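In what follows, subunit A forms one complex with subunit B and a second complex with subunit C.
Presenting the complex of A and B:
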């Protein structure tokens, strides 16, 4: 097998992206799963005397609070770790559900065409003409706050991303010679769709899915920033930004650290997806 | 001899923006059991459309306006979709033009051959895998077990065409349609593939419709040759008499453009070369 392509040392750039992105995502997963054991404090435990303490690099740093505290004296590190829980649940569940819904509709629309395709495609057009953030805020406002509402809102809004891309890709694959071969061999329509076409769009799906996980984290942050996510007694990154915003002149880190967490996790998901695609795609493996 | 395929007065048209373009205008063609029948013509003469009509994979805008395709005595244009699909897939196979794109890029070679066997020969997975191995061996692929685990992109064009030939012959069909099976290959590989097709065909009861634009290639392996021009079969003769006494003006001009090498080759040793080489192999 010929393994040329861009390389860094003995690793391809795809592998590097997977390792970098994957390790950040893994770190996030560990933080989220083992939050009660890792977090040095209860994220809700207040200590009003030690409010707005600076992080470890400052001279007034308190060794009990590695990344400092917020205005109510709650440990910022613990709150960030618990925030990763919400972010990760939303990222995985919402993105996966959106992917399943969008992919199924996209596959059917692309492969069977006709009235079904027209209906779905127009629906996607109309859907995408709404401002997504506004739509999600309205949706959550209507169905009520809570983790499941956030997930539903993201699925309802973002299935169109998958649907559109999958449909376009199915249209391309459907015209390929190997599909004609499959038809002459006598494979049924569903078999062809499931066994011939779907595997060919999996690399694309993985990229889309991980991109969507990044987007889901951002949407969750937006919703918790405006107070429409989980109840305010749970730590979320968006909620932390919202609280930190008020003290940004006295204690900039309270707002900046969750922003960095969001940036790092979104970048990690994107790198992971992009890297996986280039490794998984047998045509690109050449 | 009894014929396996009989096309009578086939008219085919493509409708585009309410305009009907005639693709085939009255094609008559018959293929005997076990014969290799060449179909030669310019691009645009309707060769591939005829192949698609037989296989039942015509594009959506195309329809048969008149005529019939009798396969084994039955008019297959009158069957419903499902019966047609079954008949065409079980009893008629295809060797496609472009081996590079005719295998699914993300599925292993072995699985793609097994699919056909499991679907039509009622084999379970294990039997199909064994049969696949012997099929790949028959198309002279070395180390078939290794190749079965490979993806199409790991094989050369010639190897892929061998795999596709194995798939075509796997269910022992009554008819195989080879639509320019060597056009996309190197000249050296072309020759091997031609010999392979010829060899496999001789060892089975399969009839073969060999489509090409190259009279020289067709002359090497075909028993009879039909010449197509603008949607019609203008001449049909045995290979020898076609080269000696071409009847139609178009055939004569085709012959003039065919290289001398093939004509010489044809007249001195019609089949012996292919047979001899393969006996060496076996």
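Presenting the complex of A and C:
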């Protein structure tokens, strides 16, 4: 990324991306954690007389519902805030678990090599040749719907992203002089792996983890859109899109608002990840 | 040499399909949830439930069920869909052409766009068109087809409604098709008004599917074009006085395409996987849309039939890509 060298005033573009992405992510975290206090309504509270009310910019909007209502008269703002909760839970839990699984396997495969490495690498290749969306839908079909299934599906599919990159990075690190020194002074293999190599790939891991959170948000949205995530009365961004799709000609905002939430959060996680990469990576920092 | 390779690849298909069938069968037999429970009306007697179980063969052991299923599948019988109460093969064949037309059009669009962008980026290397090409690819890749589909619906279907956002054809079009390949058939029959309606319906899902793939093709091809342009034979063509366009398109492209072709098999499979969602978003009547319905309804025979169908397409795509890879790259063929 040559633009990481470009500077705007005293800030590098990496810092700008971290601040921009980070503040959107922070906003999302606040909304998710404090949802019960921030949301003006119960996300499940129906008001059938005031269904599909328009948001504040319209002349016939109801001041009780800032962003309007869905077809059952449920407050959209509250449903979006509670949707951020599900999205964030999936993003954090699934991405972290996928990172742990992929990193452990990648470290072992890269450092010890041999049959284990061959097996793992072959598995990663086969895994990555499957279309992920199809695979996740089949997986959820097998293990059943629900929040845990969405998380399991993401972990089972996306550990390969971490494994492949970590393995390649370990192969590079293994040849560095500091490892030769560590071997010379008699450190054990596990000590070298956990104490010397792992800390050196942490910046890479943080970047990958952030990017994976963006991916996890999309996968959760996809699965709740097709009705294979949490139960349908719970507020999710994907579920809102699915509902808004039905009424898109009468009330386009019902679908637009969750789509904007997803785009904003995915771009934020991407910006944060890319920015962190250019700040944390000493080679790219130059 | 080539025929032996082809034969070996064709023979490999059988064990692969066998493996897929076992995995599919076993996986879906451990699925929680009872398909019979979803079919019966409330208050059905135990005898009715048992009858249904017997009717669908769900009372036999798993091994017996697999053997019965397998021998039926060999004879082209995938059973009866539980939710739609129709023959699975008939259902799939009636929907498959719609998906194939959509996926192949999207692939063609992605290939043409991707190659064009890569050539533009290489021709004006280090000038503003290259930056534009990189910008477009970066944006295309950051946003998945799912979001593209939704954005298109909102922008081109609702806010500025110039294109239809659901279905495959205007239901008021009173035309009887003899095949399910509407696009091909309307071209062959010279029904151009119908063709335009079909293309208008297909345009948004097609572009949504094509954009992420376009980014991959542009990036891979551009990288290999850069590399090819530094080769000696290109220098020779420059000395001969050929124009830069001619060198790029006639001399460099063929060799530079090899890595892109190698990649496009997996990429086509990804695109096909993407149709599942895109068809759902645009209510497009293909097998992808059907697959999600089948999963939601826990329709085991239909799910199995669909997965096997996807697997067969994946296998043949890979075979085709391998063959064209060897055609393009004689060095592999001579090994």
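One rule holds in what follows: the second predicted complex is superposed on the first by the 276 of 286 C-alpha atoms of A that agree within 3 Å, B and C clash if a C-alpha of one lies under 4 Å from a C-alpha of the other, contacts with A are read in each partner's own complex, and residues count from 1 in each chain.
In this text, contacts are C-beta pairs under 8 Å (C-beta built on N, C-alpha and C of every residue); 3 or more make two chains touch, one makes a residue touch a chain.
Remember, it's a predicted structure, so these values are computed and weren't measured experimentally.
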{"item": "Contacts of A:28 with subunit B and subunit C, given as first, second, both or neither", "value": "neither"}
{"item": "Subunit B versus subunit C as contact partner of A:199, first or second or both or neither", "value": "first"}
{"item": "First (subunit B), second (subunit C), both or neither touched by A:132", "value": "second"}
{"item": "Partner chain(s) touched by A:120 [first = subunit B, second = subunit C, both, neither]", "value": "neither"}
{"item": "Subunit A residues touched - subunit C or subunit B, whichever exceeds", "value": "C"}
{"item": "Contacts of A:156 with subunit B and subunit C, given as first, second, both or neither", "value": "neither"}
{"item": "Contacts of A:144 with subunit B and subunit C, given as first, second, both or neither", "value": "second"}
{"item": "Touched partner set for A:177, first subunit B, second subunit C, both or neither", "value": "first"}
{"item": "Residues of subunit A touching subunit B in the complex", "value": "1, 176-178, 180-187, 195-196, 199-200, 202, 282-283, 285-286"}
{"item": "In the complex, subunit C residues that touch subunit A", "value": "27-28, 30-33, 142-144, 146-147, 150-151, 153-154, 157-159, 165, 266, 269-270, 272-274, 276-277, 280-281, 291-292, 295-296, 298, 303, 307, 310"}
{"item": "Residue ranges of subunit A in contact with subunit C within the complex", "value": "128-135, 137-138, 140-144, 218, 221-222, 225-228, 241, 245, 248-249, 252, 255-256, 259, 262-263, 266-267, 270"}
{"item": "Complex contacts: residues of subunit B adjacent to subunit A", "value": "55, 57, 85-86, 88-90, 92-94, 96-98, 101-107, 115-116, 119-120, 151, 153-154, 164, 167"}
